[in-house]
Amino acid sequence: MASQLPPFKHFNVTFPQEYVAHVETNRADKMNSFFEAMWVELRTIIDTLSRLPTVRAIVFSGAGDRAFTTGLDVKAASQGILGPSSTTDAARAASQMRRVIADFQDCVSSLERCEKPVIVVMHGYSFGLAIDLSTAADIRVCARDTKFSVKEVDIGIAADVGTLSRLPKVVGNYGWVKEVCLTARVFGAEEALRVGFVNSVLDTKKQAVDKAIELASLIASKSPVAVQGTKELLDFSRDHPVQDGLRYTGVWNGAATQTKDVTSAILSGLEKRAPTFEKL
Amino acid sequence: MASQLPPFKHFNVTFPQEYVAHVETNRADKMNSFFEAMWVELRTIIDTLSRLPTVRAIVFSGAGDRAFTTGLDVKAASQGILGPSSTTDAARAASQMRRVIADFQDCVSSLERCEKPVIVVMHGYSFGLAIDLSTAADIRVCARDTKFSVKEVDIGIAADVGTLSRLPKVVGNYGWVKEVCLTARVFGAEEALRVGFVNSVLDTKKQAVDKAIELASLIASKSPVAVQGTKELLDFSRDHPVQDGLRYTGVWNGAATQTKDVTSAILSGLEKRAPTFEKL
Amino acid sequence: MASQLPPFKHFNVTFPQEYVAHVETNRADKMNSFFEAMWVELRTIIDTLSRLPTVRAIVFSGAGDRAFTTGLDVKAASQGILGPSSTTDAARAASQMRRVIADFQDCVSSLERCEKPVIVVMHGYSFGLAIDLSTAADIRVCARDTKFSVKEVDIGIAADVGTLSRLPKVVGNYGWVKEVCLTARVFGAEEALRVGFVNSVLDTKKQAVDKAIELASLIASKSPVAVQGTKELLDFSRDHPVQDGLRYTGVWNGAATQTKDVTSAILSGLEKRAPTFEKL
Amino acid sequence: MASQLPPFKHFNVTFPQEYVAHVETNRADKMNSFFEAMWVELRTIIDTLSRLPTVRAIVFSGAGDRAFTTGLDVKAASQGILGPSSTTDAARAASQMRRVIADFQDCVSSLERCEKPVIVVMHGYSFGLAIDLSTAADIRVCARDTKFSVKEVDIGIAADVGTLSRLPKVVGNYGWVKEVCLTARVFGAEEALRVGFVNSVLDTKKQAVDKAIELASLIASKSPVAVQGTKELLDFSRDHPVQDGLRYTGVWNGAATQTKDVTSAILSGLEKRAPTFEKL
Amino acid sequence: MASQLPPFKHFNVTFPQEYVAHVETNRADKMNSFFEAMWVELRTIIDTLSRLPTVRAIVFSGAGDRAFTTGLDVKAASQGILGPSSTTDAARAASQMRRVIADFQDCVSSLERCEKPVIVVMHGYSFGLAIDLSTAADIRVCARDTKFSVKEVDIGIAADVGTLSRLPKVVGNYGWVKEVCLTARVFGAEEALRVGFVNSVLDTKKQAVDKAIELASLIASKSPVAVQGTKELLDFSRDHPVQDGLRYTGVWNGAATQTKDVTSAILSGLEKRAPTFEKL
Amino acid sequence: MASQLPPFKHFNVTFPQEYVAHVETNRADKMNSFFEAMWVELRTIIDTLSRLPTVRAIVFSGAGDRAFTTGLDVKAASQGILGPSSTTDAARAASQMRRVIADFQDCVSSLERCEKPVIVVMHGYSFGLAIDLSTAADIRVCARDTKFSVKEVDIGIAADVGTLSRLPKVVGNYGWVKEVCLTARVFGAEEALRVGFVNSVLDTKKQAVDKAIELASLIASKSPVAVQGTKELLDFSRDHPVQDGLRYTGVWNGAATQTKDVTSAILSGLEKRAPTFEKL
């Protein structure tokens, strides 16, 4: 399957199980910190997997033992997106910055708009961009050693590529969300589990990756029509009133329930065997 | 009071306490699985109780020991709403399906639009439609033996009568919501309590029903003007920005605070006796 | 700093740390219950602190040992906002009531629109208005002895100055929110922590106040540009779809990231010293 | 076709052309003024036609020469929905009134939710409810003698069954909308045409009915999949941001474009003959 | 009545008819251009009239023959809100500017939130702020000599106190709105009437003022409960989906229809005499 | 300037005036009908011009005398996007179709998201996609011979790349919008002008192009900060409640008003000379 994909520079993409892709940030020597070419490439990868019929679920993690990612590579950023503007006109500088942020946000949002569920594995340092990326994914699992921080206020900015927009909708504890975003304090795996930021905590990074692949395999064994519809309908409903969610669901399922997967799933259930589903 | 109501075919409706109605799905031999006539009748019942002045709170449960409901009666459905379409034109089939879903959703939504609070008691198998129904209610209590599952992906469909639209607004743990909806995995009462899906867990079904009736009685002892306004304003606010919620609240209470119940409640409070409130 | 402020009648305003204001309701003999002049004065104070450059975070608490606040001073209210209307025309009475509620809501909302984070300390009786006020703040800490209640249904009204609009967005456990609002039952500090209503529970009121001041000091040590942006962007995002949140964030940060605080924060980080930030 | 329909009491329902239904209010002696049983029956009729495969477009008009409708039958209303309440408690009276209005609104909204386009023909007196009904329809044509008025302020109420919610979205001249709603002044056909309230003005009522039937026939000659989708997508888009409209459109057309009508229409176009479309 | 009002510095407030207030900008020698103290005072006046029971409709115009207003007094502004910032930090300057704009917007919005309808009379130069103010009002009439311009791009800014938010909702011709906002070109009374920006064009300023007072008197002769509800429900509906508008209307009218004005209006109608309504 | 741009295959891009780009569809022999590669290239062009500092306004037209565009190249489409699906599973086919539509919509939406105003010149046949494209632009001018049609129902589909979502917001005459979308009837330039679909009608195509270039030049002579902000704020406000529009405007202008263009524009105004503005 990998042969269908172009080679990537900053990420390893493998296929540990049928229908499961594993995307790994490959910059362990720099704690998987990100510079612009990396998030642009990540978008390319995710957009590609989103439409690849041989993929039904995606695991996203970071190489090495020390960090999922420490976030922005501050040195690179201070010469790039946080560096001096080419203009001294504040309005023009703001305009340039808006474009930069919009494109950066679009890269991070590729995880959310991906048609297939994305499971993020966090471990070690998981700062700043780590939170932006993981809240744009569907499910978060982590190793016990994870050190989380919504780090942005510590570099003088309000987080701008997704955390502030998504975290209040991921974790239903608004006081806690406010606290960690306003103080940048580090929190651990147990706290993350308690407030509902992560789905489960595993003892080691390896176990966390295995858990994520296991979850991905389970999801990949279901009808892809049902799975992709479920992701889309949940995300639409999160952002709309209940009545709008129901209306959109009805339209979506007008087509989706015409799939042969329904018959296949029901029959397999009756016959107590695993169903197989056509690619999507 | 029951004499005011027409007889029902698939549900038992009783009045265990003053102002408290108890609606029980009466198909224990089939694990309380639902077919179309049942959800249509449920809507009739709930719409009726919604306007019945002698009812101030409703308990909804399932007969028998084994299941609140296993969800859709798949056999009936495969000859009905999930059965073959009368047309081979995909667009026309989608149009028919949309109508079917819209009507089904409307039956489930009767619990939400009911002017009086609805408390659901879950026990045993509580699969598929069990989640749709219970998220449309106000409060969920369960027995320790409850086995929950957002089962729909297992029959090849994205849940379409409310779970995907309401669960993200009921449980503030979006990763968990995604996980249970994408995997259809079974979860138990303790997990349901931990993530906030149920309000409380009782040791047996009987205790759970008693707890629900106790809660309903407590609610029924309050001013019905205040209680019904509280349900309405919470549901409106869930779906709108805070400023809209406040504005709607002001308009609602412009009339609602003119009730004699306020004086009555305050006086009773001072005199340390139970207030009585006119029917509504 | 206090010299910049006019004297207040019902509140003590002090500055326990640099950039930290402490607002204390000063009516311990009446359990800090509120009448109209108080909430109007509270708005004046908060609106003033919101723009005072020497303030970066605010702690709000109640004087005395017994109560953060028991809520509305019912005796005063029964001669005022809950008292008899000057008209017998129900529509005109409703119109007057809407104005009264709108103004009252605006006073409570001053905590939310305040540009600086507000941390509320709750202890003892924290009934009715206590919940309205605290949900309009950013962070809630409490003493172990706190007795919370969404008390309004007990006086015959649906809570109208914020609880019903904000509580479902503060606590991601909608069944629990419904239960406490519909029953007015008292709940304690541990339950408040478990469901995510408070950020932390301290053994005594004094410890809770100290904890709040410590949090406020921590926040005040960060870039005020970053902190105020973070509050604004979280509150905007809470009320809008994710894509709208991202778009608003991009526009906000177009200007905000041009601050010198970014360079200052990054340099201080590299040099491992505390940054200093210009007033805002 | 009429044989499929139950007999109606207050309306004539005929089928002047293939796939075209004509609904006529039949109370010319009372200027087609409405009482409750009438709007309830109208809902039944429209809901029925909405799903009747032999109907693709609907014309709605009033019998007689003098009035499309003068609106509410005030005499009946003063003994009914505008009559004395059964309670002296203002909050309970408000609650009853809300239910009445909600049901009345639902009857009027049947024109909007009808899957098939509805063309209203207005003539003579077209007051009050005439505007509510016609703004819930898709297209309005009128006779030159029509006298329109948003009459409600003249009987002491703000119009409550649709005009105030729909007129600002039907006519893009907000100052004019405000003026006619606040003054209840009568306006004529030419003004209605100029501001865009009606699509066309015909010299006589008969010509207006003929024009409406002609329009309905034209619409009925198109693919019903395309026509019903067009109505739905326009109404959804009117109420949502453009991006939401586009997203909903994509989902809708995912199924709708699979219809054989597309091939049929394109082939007929190439062969310059009228296409025929399967019922829907 | 005027005796109830404090004296104003920049505006004349008179009462030309019973229940009608006339607010006139009194700076004819400077073409009624505005500086900060003026818009702050305007808010005070409008907020006061909004609650004054003896006022039911308001006319707003400018003194002198030459201009309704030429907009911002650019000289004053260049030393004030458009002048140099007190800080060189672009983020801090943006923060100050946001506060200034928010307060300025709030002053202009006082016309929209005013409970009573506001009719604006435009004549001569009506540039910049003239459009912001008039779109926040309910009805616009003008003299034939009026020269309108959305002038802001000519001074290098996107209009910021309301025109860009309200004009697309006042005039349903989005291409024209774009054109006049992007080019700042001057347009005249006939064009304003044709696109629906003004309700009517009169030959002279005096006739326009008389027309506005006549309209205001007509509105003031109606039930104030009905009139104020109509304004509120139209403005709410403009900003919400139709279903939300209907729901809000039902709640509003639950109280509003309990007014004695309904009986009074209906009786007067039957008896063909002018009704009188209690103050509101 | 053109040298900065890559060569294009289906469009001519020229720069008739300083800061003005002219994009011309170059397929006159096929009536400028579109196939997929064309709309993809159009997106590339518009996205490029959107960020090109030497461009401040864009004119978009079609080559030749006969048609702006007849819409989709039906022959190409019947082998492409409207052709047979690669799957017989209706759900999978719907999924593919959604992706195709989403990408097509994104190409058309490039005109709307373009930071610079786009003026469309329509002439001759302007069917189907012509309406989608032109409603995504800011201003429409046309030649007297233009024949418009929302043609989609004639090929059996509800228009899916923008017309149904944008036309109700471009033209404030909802009945007319419904009529032309439901009937596909052809309408001419005068009608288009009357309802507000086009800004102006010129006698010939050449005059229409000249008019568009003149408008573009006028816009290009203004501050690009002000112009681009005006487009963005109008489009945001169209899709949001007024209060949201005002809030977004305040944030936008916090940065935008810091531009030197304000001083430059004001000074030039006082000195009665044309200002010059730095590129953006």
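By letter and in written order, the chains are A, B, C, D, E and F; residue numbering begins at 1 in each of them.
Following the convention adopted for this analysis, contacts are C-beta pairs under 8 Å (C-beta built on N, C-alpha and C of every residue); 3 or more make two chains touch, one makes a residue touch a chain.
Everything numeric here is computed off the predicted structure, so don't read it as measured data.
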**Report entry** Cα-superposition angle relating the copies chain F and chain B, to nearest 5°
**Finding:** 180
Requested in this report: Pick out the pair in B-F, A-C or C-F whose interface repeats that of D-E, meaning over half of the contact pairs match by residue number.
Outcome: A-C
Query raised in the report: Are the two sides of the chain A and chain D contact the same residues or different ones, given that same means over half of the numbers occur on both copies?
Result: same
Query raised in the report: Once you count every C-beta pair in contact for both, which comes out on top, C-D or E-F?
Result: E-F
Requested in this report: Please compute the C-alpha centroid of chain B, do the same for chain E, then give the distance between them in whole Å.
Outcome: 47
Requested in this report: Return the distance between the CA-based centres of chain C and chain E, expressed in whole Å.
Outcome: 34
Query - Euclidean distance of C-alpha centroids - chain B vs chain C, Å - result: 33
Report summary line: Each of the following residues of chain F touches two or more other chains, namely 90, 93-95, 169, 171-173, 196, 225, 238, 240, 243, 247, 251-252, 254-259, 261
Report task. Based on the touch definition given at the start, go ahead and assign the chain network to line, ring, star, complete or other. Result -> complete
Report task. Using the touch definition up top, name the residues of chain A that touch chain B in the complex. Result -> 117, 138-140, 169-173, 196-199, 215, 218-219, 222-223, 225-227, 229-234, 237-238, 241-243, 245-247, 249-259, 261-266, 269, 275, 277
Query - Of chain B, residues touching chain A in the complex - result: 74, 78, 82, 85, 90, 93-95, 97-98, 101-102, 105, 109, 112, 152-160, 162, 164-169, 171-179, 181-185, 195-196, 238-240
**Report entry** Complex contacts: residues of chain A adjacent to chain E
**Finding:** 90, 93-94, 243
Query raised in the report: Where on chain F does chain A make contact in their complex?
Result: 51, 87, 89-92, 94-95, 99, 225, 228, 255-261, 278, 280
Report summary line: Listed in rising order, chain A residues that touch chain D in their complex are 236, 240, 244, 247-248, 251-252, 254-255, 258
